[in-house]
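Labels for the chains are A, B and C, by order of writing; each one numbers its residues from 1.
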Amino acid sequence: MRPSEYPPPFDPEEVIAAPSDPEPIEVGVLIVGAGPAGLACAIRLQQLLENAPGIAETLGDVPVAVIDKGSKPGAHLLSGAVVNPVSLRRLFEGRRRVADMPFFGSVEGESVYYLTRKHASWIPTPPTMRNHGNFVGSLSQLGRWLAEQAEEAGVTILPETSGERLLVTDGRVRGVRTGDRGLGKDGEPGARHEPGSDLVARATVLAEGTQGHLTGAAISHFGLEGENPQVWALGVKEVWRVAKPLDRVIHTMGWPLRGAAKYREFGGSFVYPMGEDMLTVGMVVGLDYRDVELSVHDLLQELKTHPKIEKLLRDGERIAWGAKTIPEGGWYALPRELHAPGLALVGDAAGTVNVPALKGIHYGVESGILAAEAIFAALQPGEVVWRPGALAPYDEAVRKGMIGKDLYRVRNMRQVFGKGFVMGSALAGAATVSGGRIPGGRYAGERDADQELLRSDRAKSYPVPDGKLTFDKLSSVYLSGNKTRDDAPNHIRIETRVPREVAELWVRMCPAQVYEVSTEDAGKVQVVVTPSNCVQCGAITAKGGRLTPPEGGAGPEYTLT
Amino acid sequence: MKIAVCVKQVPEAGAAKRIDPQTKRLDRGGEAGLNAFDANAVEEALRIRESSGEGEVVLVSMGPSRALEAMRKALAMGADRALLLSDDALEGSDLVATSRVLAAALEREQPDLVLFGQQASDSDGAVLWAAVAERLRRPLVSQAAELEVGDGKVRAKRQTEFGYDRIEAPLPAVVAVSDAINEPRYPSLKGIMGAKSKPQETLSLGDLGVDAGQAGEAGSQTEVYELSPPPSRGETVRIEDDGSAAQKIVDYLAERKLI
Amino acid sequence: MTTLVFLEHHGDEIVKNSLGVLSKAASLGGDVAGVVVGSGVRDAAARAGEYGASRVFVADDPSLEAPLPQPRVDVLASLVRDQGFDNVLFGQSILAADLASGLAARLEAGLNWDLTDVTADGDRLVGKRPALADSVLVDVGWKSTPRLALFRSGSFEAAPTGGSAELLDTPVQLEDFSSRSLLVGQDQEARSGPSIEDADVIVAGGRGLGKPEGFGMLEELAKALHGAVAATRAVVDAGWYPYASQVGQTGKSVAPKLYIACGISGAIQHKVGMQSSGTIVAINKDANAPIFEFCDLGVVGDVNEIVPKLTELVRSRG
């Protein structure tokens, strides 16, 4: 049985629409998503426009606008994170230094461990994972800082604004229709209904991050699917205030994941220092896992009971929690083209994550810079930015530059782990040594939702939350500051009448306890959805449903993730 | 007609709130937003302006320079102008000091109506407006669940523990609205875009003519000594029902004089 | 040390809250006086002597009939100035909060509110104030006299001492702006029972009730206990009970003396709305429900069996 056998009531074409607003809002370049990729694109564009007042004028009163569905930039940003500063340096060359950026310090040391239930064996850091010269940071804080830089540079940032529909006419992207606010549970306008608007622009950049809503629709509409389907991992992390500072970056493999090929449990954990008195610990697991009982949130709780990890958290206090998916398909899952007429796809929305290196932020920033440069070039007299192919130089720059080179080198590494930890490690090792030439060809990927389900007794060993070291999902959702109206319309599309196996898969998968099994009849159960718990991680889209953005301003209020 | 709305920036709901053990004050370092109850006051001001067809809605707040961010949301809703009272010497201001500084700013503005929201989610104090009304020597109406402004008067339905009082007071007046009075609007996209370019002024104590010794900790008459964990609830008494649970509950409650 | 206690009245009675504060003031030592402000309040004022006041100042005037704060600021301010009280204490209420705050500004005096206790420490007074959703207790003080304090409702029991007080008439001189707010009418709410915000007892229901009809059973129990009925978000979402009764993060916050949670799991989203309740009794079939971690009396059992029996027993006590 596979979740994909019970597809959600969703058609990507419903996300595509023609402009219909009698009073559209016009901006020059519209960027959807105030994450590192979107903000880097905005900042780079303003830098270029600074020296080209003629072009700037043609973009109108609001030359560059960034919309974000969170209540403020950073509210929906979550990552580990250890950041390679190369692209940020490039972006702020001559204007800001890394010391101005809100990092917690450079990586002083790192260790990788292979864990079993009780032991930790130190293993040499795989070459792809070395972090010398990199900086530890909170992506949410970095996003907030980037937004400040963007605003200083003249970018207009519009938080609490969701991109609900992609406006397309004559095969050309015109902009975005923003979502309504203040609708009731049944979709009816409530007392304070604020309808969405058409935001039209000469060029639109989709920087929505993982599981981009408009991005998915655009890829489908313009036929941009890559050679392999995109796949994702789910990361759940916490931030702790601790008594003793951590002196290095830690990654682990092995327990609590199972190495046998049949389980397909790919991933590991990380523990990163955040200054003198905080650290972050997280668990990342590929969503191609098969066991119905697997719960990444609970694996994180289990991980914390390992003596090596528990020691780091002793006498500490959990102060933040969050969850988000990461695109893991790599090179072969990149869209066939990263552009369409009037459109560019950047960052995680396009899938620019290097899984073996655990890096995506600087590629997001880099792609944002490249998109800005290509758009600026296409705004010059003699070119039309929304002409088919006008943004092809952006695609070329990504593939021929740093992003393409790095992703190509590791192009099959994630996929080989479908063969289990041991075999996968061996192949990955071979891939590293050979610069990617071994294993040859393209390892075909499968969709996460196409994985055959199985059931083990995995849930038995999840710790019962004690409220001090381990925590339940609901108190975690509370800690994320989740602000989603109880009576808002349900933004999650799933088939609600499914076999018990599929229902339980979703119940366990979701870190925010959105799904519950209710009644059973004729071999199927009813799934009840509590959308107000949703932290918009995107896991459901990978595993058989479809997340759509709720009203702007809803969702988590991340600050330290 | 000029309506001044006193608003406050408070730590975000989800942010781990803590009291700084050094300063013994609320750690305001993390993310912050507009106090939710102030949104009701802003909404009411906007409605009054809309129904009278004219007027100016000015936001007044006291806080660090970042407080301008929280005011932006209110500007996006439709307020016209933001006035921030910001000065290092303001830190640690208690009711006496805060009301003094706010009153000085309001005297400067001379609004016809001053509005407050129900309470501040960070200090849960439902008291500031009365102190400000006293300093301004203006009539006060608090807990307004309904408000009408016209003919130089305010008419309010005031929610009390016992029901509703109907109160009238002549302008200029100070009114504190309850959260039952309205549902604050969502800012429109045009509103969010326009907020940035609306006038935002910052005043220091010097600009207000208030001496530094009259503000902040120096100007406060209360202080904080110690923090301690609250008394624990004590042990949970646990029983399994064997048919006699109801009686056991009654005995437990009777013992504690709860019934 | 001299202490003045504001004695709020409703109808012909001094409210219980004020009497509790008066008893506490008496226990602090020194000279304790009360003040009653209104119209036709001498009889109510006289009874204050039974709770520890040696003197009760009475400001009795038709202009003071309406329960409005600003005229009371005038009365108390001149009283404090004339008599030189060290402390002025109030039982927290809508009226008292406005009064205490206006008085603090008038006298440039420190006001601490939401206190649950106060102790005399030498010549200092130290107040205890729960903060951050009652997760921490803060000791607060005053830098000067007079010291103004508002105490949370129900912090102190009224303890009759059987004494009597000297009644002293207080002159009433109002500022020009104090009487500009006018009471033009009142709508006392005809309620079948208290609102959840005011109730001393709340009987709350969650999904563990099994069906919406379960609320009928809870209403019976609430009636027997003179309390109100509340509900969790889950059952309000499901349409079992109205939103006005929702307690929790996205509903109301309540702190009654007694909270009986029936079929409620106790997830944090609900807990934050009721954790300050005096006594929490939980009835739930699930022995692992989180509510058993923070209640005072936890009963593992079937709500549908226990609640009707409980109602019977409470009724039979009369």
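One rule holds in what follows: a residue touches a chain if its C-beta (ideal position, glycine included) is under 8 Å from a C-beta of that chain, and two chains touch if they have at least 3 such contacts.
Only a predicted model underlies this, so the values are computations on that prediction, with no experimental measurement involved.
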Identifier of the chain whose CA centre is least distant from the whole-structure CA centre: B
Interface ranked first by C-beta contact pairs: B-C
Centroid-based (C-alpha) most distant chain relative to chain B: A
Rounded Å distance between chain B and chain C, as computed from the means of their C-alpha atoms: 21
Centre-to-centre distance between chain C and chain A (centres being mean Cα positions), rounded to whole Å: 48
Between chain A and chain B, centroid-to-centroid distance (C-alpha), Å: 37
Per-residue overlap in chain A, given as positions that touch at least 2 other chains: 478
Residue list for chain C, restricted to those that touch at least two other chains: 293
Touching residues (chain side chain A, partner chain B) in the complex: 25, 62, 65, 71-72, 74, 151, 156, 158-161, 178, 181-182, 191-192, 194, 196-197, 199, 319-320, 478-483, 553, 556-557, 559
Chain A contact footprint on chain C (complex, rising order): 233-234, 236-237, 249-250, 267-269, 272, 288, 290, 293
Partner chain A, residues of chain B touching it in the complex: 12-16, 30-31, 33, 69, 183-190, 192-193, 196
Touching residues on chain B, where the partner in the complex is chain C: 17-19, 24, 26, 94-96, 99-100, 123-135, 137-143, 159-170, 173, 220-231, 233-234, 236-241, 245-250, 252-254, 256, 258-259
Residues on chain A engaged by chain C in the complex (per definition of touch): 464, 467, 472, 474-475, 478, 486, 530, 532
